[in-house]
Amino acid sequence: MDKVVSIDRALEKLHDGLTILIPGFVNTGVPETLIKGVIDKGYTNLNVISNNTSIKGRGIGLLVHENRIRHITCSHIGSNTETVEKVVAGEIDVTFVPQGTLCERVRAGGAGIGGILTPTGLGTPIAEGKPVIEVDGKKYLLEKPLHADVAFIHAWKADKMGNLVYRRTARNFNQIFATAADLVIVEAEEIVEVGALDPDVIHTPGCLVDMIVRA
Amino acid sequence: MDKVVSIDRALEKLHDGLTILIPGFVNTGVPETLIKGVIDKGYTNLNVISNNTSIKGRGIGLLVHENRIRHITCSHIGSNTETVEKVVAGEIDVTFVPQGTLCERVRAGGAGIGGILTPTGLGTPIAEGKPVIEVDGKKYLLEKPLHADVAFIHAWKADKMGNLVYRRTARNFNQIFATAADLVIVEAEEIVEVGALDPDVIHTPGCLVDMIVRA
Amino acid sequence: MELQGRDLIAYRTARFFEDGDLVNLGIGMPTQCLNFIPQGIDVWIDSENGVIGLTGAPQEGEEFDPNVVDASGAVSKLRTGGCCFDSFTSFGLIRGGHVAATVLGAYEVDQEGNLANWTVPGKTVAGMGGAMDLVSGALKVIIMTEHCDKRGNPKILKKCTLPLTAAAEVDYIVSELCVLHRTEKGLVLEELAPGVTAQDVISKTDAVLIIPETIGSMIKE
Amino acid sequence: MELQGRDLIAYRTARFFEDGDLVNLGIGMPTQCLNFIPQGIDVWIDSENGVIGLTGAPQEGEEFDPNVVDASGAVSKLRTGGCCFDSFTSFGLIRGGHVAATVLGAYEVDQEGNLANWTVPGKTVAGMGGAMDLVSGALKVIIMTEHCDKRGNPKILKKCTLPLTAAAEVDYIVSELCVLHRTEKGLVLEELAPGVTAQDVISKTDAVLIIPETIGSMIKE
């Protein structure tokens, strides 16, 4: 089953208003080829779930610059001054989620877990409106799962059926984000034959991947 | 920091009555060297958390045969007829936990998560006495974390500071069990120099490991 | 085609699979589906012990890796493109809806989609293993079962009497007599084995069945 | 020893680390601790973006891997024995108590161990990043801070006024004047900088301090 397609084909069924998981830490491990493809296709009004918005003019910052994002769920926007400006100006809505909680929520969404109890955020503004549940005398916030229409993934190596390997800290959110979307589109720096990756070294099983393009 | 020690040294501070996480699926990936060490040392009255009890006369089955287990928390004992006999005879207490829930509970214990919501077990005897929590109209069981005094881990390769790589399906519960104990003791089929393992291929970071013995 | 009994059950069950599906087959009868995968359909086998792509036991004398075992603990082989991961990830895939279908046997199954297949109080103390997670998590839950037990008593009931494995999760029941589809309205008799009538099925079933005007055949050319 | 100001703060903070500790250092002042790790102490640096063992920026002209970045997104180097993992695993380590200490700055910190260091309403909209998880999860939370803000106002308060990063999680506060230990009873003045008196500290602190009979020195030989 060869999942390698053109970027045109990979993105043709998307539409305005989608919720998209986009990994990356600052500007490492960001699926920039797919982001540029989205801009070329003209899709807008997007809900982005990411850790941050890269840096000005790169990665997710391109979507910010082109005004394609309606709402962003993330832990940090400080590394992109343009995002900060647009949030302050009311052009982008933002919901901040602590970085570890973001990981837990997306993983829960991808793993059929209905919610997780975390100490993170207790007694802070993040706790507002969330149930506090006590387990064995300790209090925790109940955080709900996150799931998206689409996930964009940046891999170092992909075999043609979608088994993926990430490189160093470019792995970051890619591994979890690949589990929690209806449609998973991968860009890979290198596409290899099936069998070229050691079964113990594969970070993301091919069964999670729908399409692959060259990064 | 060289964590390689003799098995005598690795086990000298254990004592009767400990709660021990022991990985393995049927008889694959079971830390049998450490189990034999425990038997040699005479420790007994143990609480074991495992997926199953290996097969008769092997792995965890050795602890069963030698009557060292007081209570076992696991998903299945059917592959070991001797365990079944001793449970029926009332010589070992058993608490059954669905296999996926066992993974979640140990992972929660190792990752500071106070509990997880799972659909598994709803409407079954497993749900008895557990809170049912509704999130966005769906019901889930609240399952609590598990944590142990000691974890025994079976690795394929360990570097001297405890970075670990597992082999094929011998990985099973090892990776998660290594996160959820006060003391983590590893047996490795091969012990290599620090730097010999690719940083992207390491399944368990050395920071989780306290001691290493040769399997 | 002269299929009957367990072969017919396995043949029909294998027709639920689509190309590229990730499928978990329970120990025992469900693994017989592998003998009946239609041509042109490439199914990937999920084993809950942390591996995708097992193909079965090595031949006599063939080299094998003792670290590659299936969900029963028996040595198996891994096909090209398969991969391994830990049990936590494995059950995340299962519960997360990434497994297209799980196929299991039953002690009892009922018209509400309840399944009992893990314990008979006072008789078995094996434990549920991964069955509860599989039945709660897989997108499609298919029960392969002989229509009645060894004494001829119905296994497909109005209401299970044994402790449940999961509640309201079963989608299809495939027996040597028929295919039953569990819908919002109840159990629909969708297909019959050659030579079997709706009345035959009704007489051997405790559950209330919905009988549509036209009923298909379990055998498709 | 002629340490003062930020160097003194970094010097003293680095003395909290034990051999083999996994330590997370916040961006900015906390990274200066690396210049003061005592001889014989081998500390491993945890970066929340999924790596243990970063050693800092490559030298001018030195080869580097652009995929190795630190928690600020800057290119870094990985020492032998370091390893990489995903962000989910990373925060599992952090929240799970596997990180011996986290070192961060503060806008405000108070005598109940509350910390505010992520937002000033109406002024900053950066987001909390990983700070909330780090402060809730690390075994020891050490705040490095100048004792007063740029206008000379106390930063160590009875009660934080800004939105919190975490409640009742701070263990130690290290300033250029002193080391404060947050205990069940309150903030204890445990050590003083050379030439600084308890009265000096009290006059620059809003929080109520517990003054023991003997107070140690921030400088140890």
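Order as written gives the chain letters A, B, C and D; numbering starts at 1 within each chain.
Please note the rule applied: a contact is a pair of C-beta atoms (placed from the backbone, for glycine too) under 8 Å apart; a residue touches a chain by one contact, two chains touch by 3 or more.
Chains and their UniProt names: A, B = Acetate CoA/acetoacetate CoA-transferase alpha subunit; C, D = Acetate CoA/acetoacetate CoA-transferase beta subunit.
None of these values were measured; they are calculated from a predicted model.
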Subject >> Neighbouring chains common to chain A and chain B, by label >> reply: C, D
Original post:
Between chain A and chain D, what's the gap in Å when you average each chain's C-alpha atoms?
Top reply: 29
Original post:
So, what's the distance in Å between the C-alpha centres of chain C and chain A?
Top reply: 34
Original post:
Using mean CA coordinates as chain centres, what's the chain C-chain D distance in Å?
Top reply: 55
**OP:** Would you give the residues of chain B that are in contact with at least 2 other chains, written as numbers and ranges?
**Re:** 104, 107, 112-113, 118-119, 166-168, 171, 199-200, 203
Subject >> Where chain C touches two or more other chains, by residue >> reply: 51, 78, 84-85, 91, 94-95, 136-137
**OP:** Go ahead and list every pair of chains that touch.
**Re:** A-B, A-C, A-D, B-C, B-D
Original post:
If you look only at chain B, which of its residues touch chain A in the complex?
Top reply: 104, 108, 112-119, 133, 135-136, 138, 140, 142, 144-145, 165-168, 171, 199-201, 203
**OP:** Spell out the residues on chain C that touch chain B in their complex, using ranges where they run on.
**Re:** 47-51, 65-69, 72-73, 78, 84-88, 90-91, 94-95, 114, 124-133, 136-137, 163-168
**OP:** Show which residues of chain D lie in contact with chain B when the two form their complex.
**Re:** 19-20, 22, 42, 44, 46, 51-53, 78, 80-85, 91-98, 136-137
Original post:
Which positions of chain A touch chain D when the two form their complex?
Top reply: 25-29, 51-52, 55, 74-79, 84, 87-88, 94, 96, 98-101, 103-104, 106-107, 118-126, 156, 166-176, 203
Subject >> Touching residues on chain A, where the partner in the complex is chain C >> reply: 1, 107, 109-113, 159, 161, 163, 179-180, 194-195, 197, 199-200, 202, 205-208
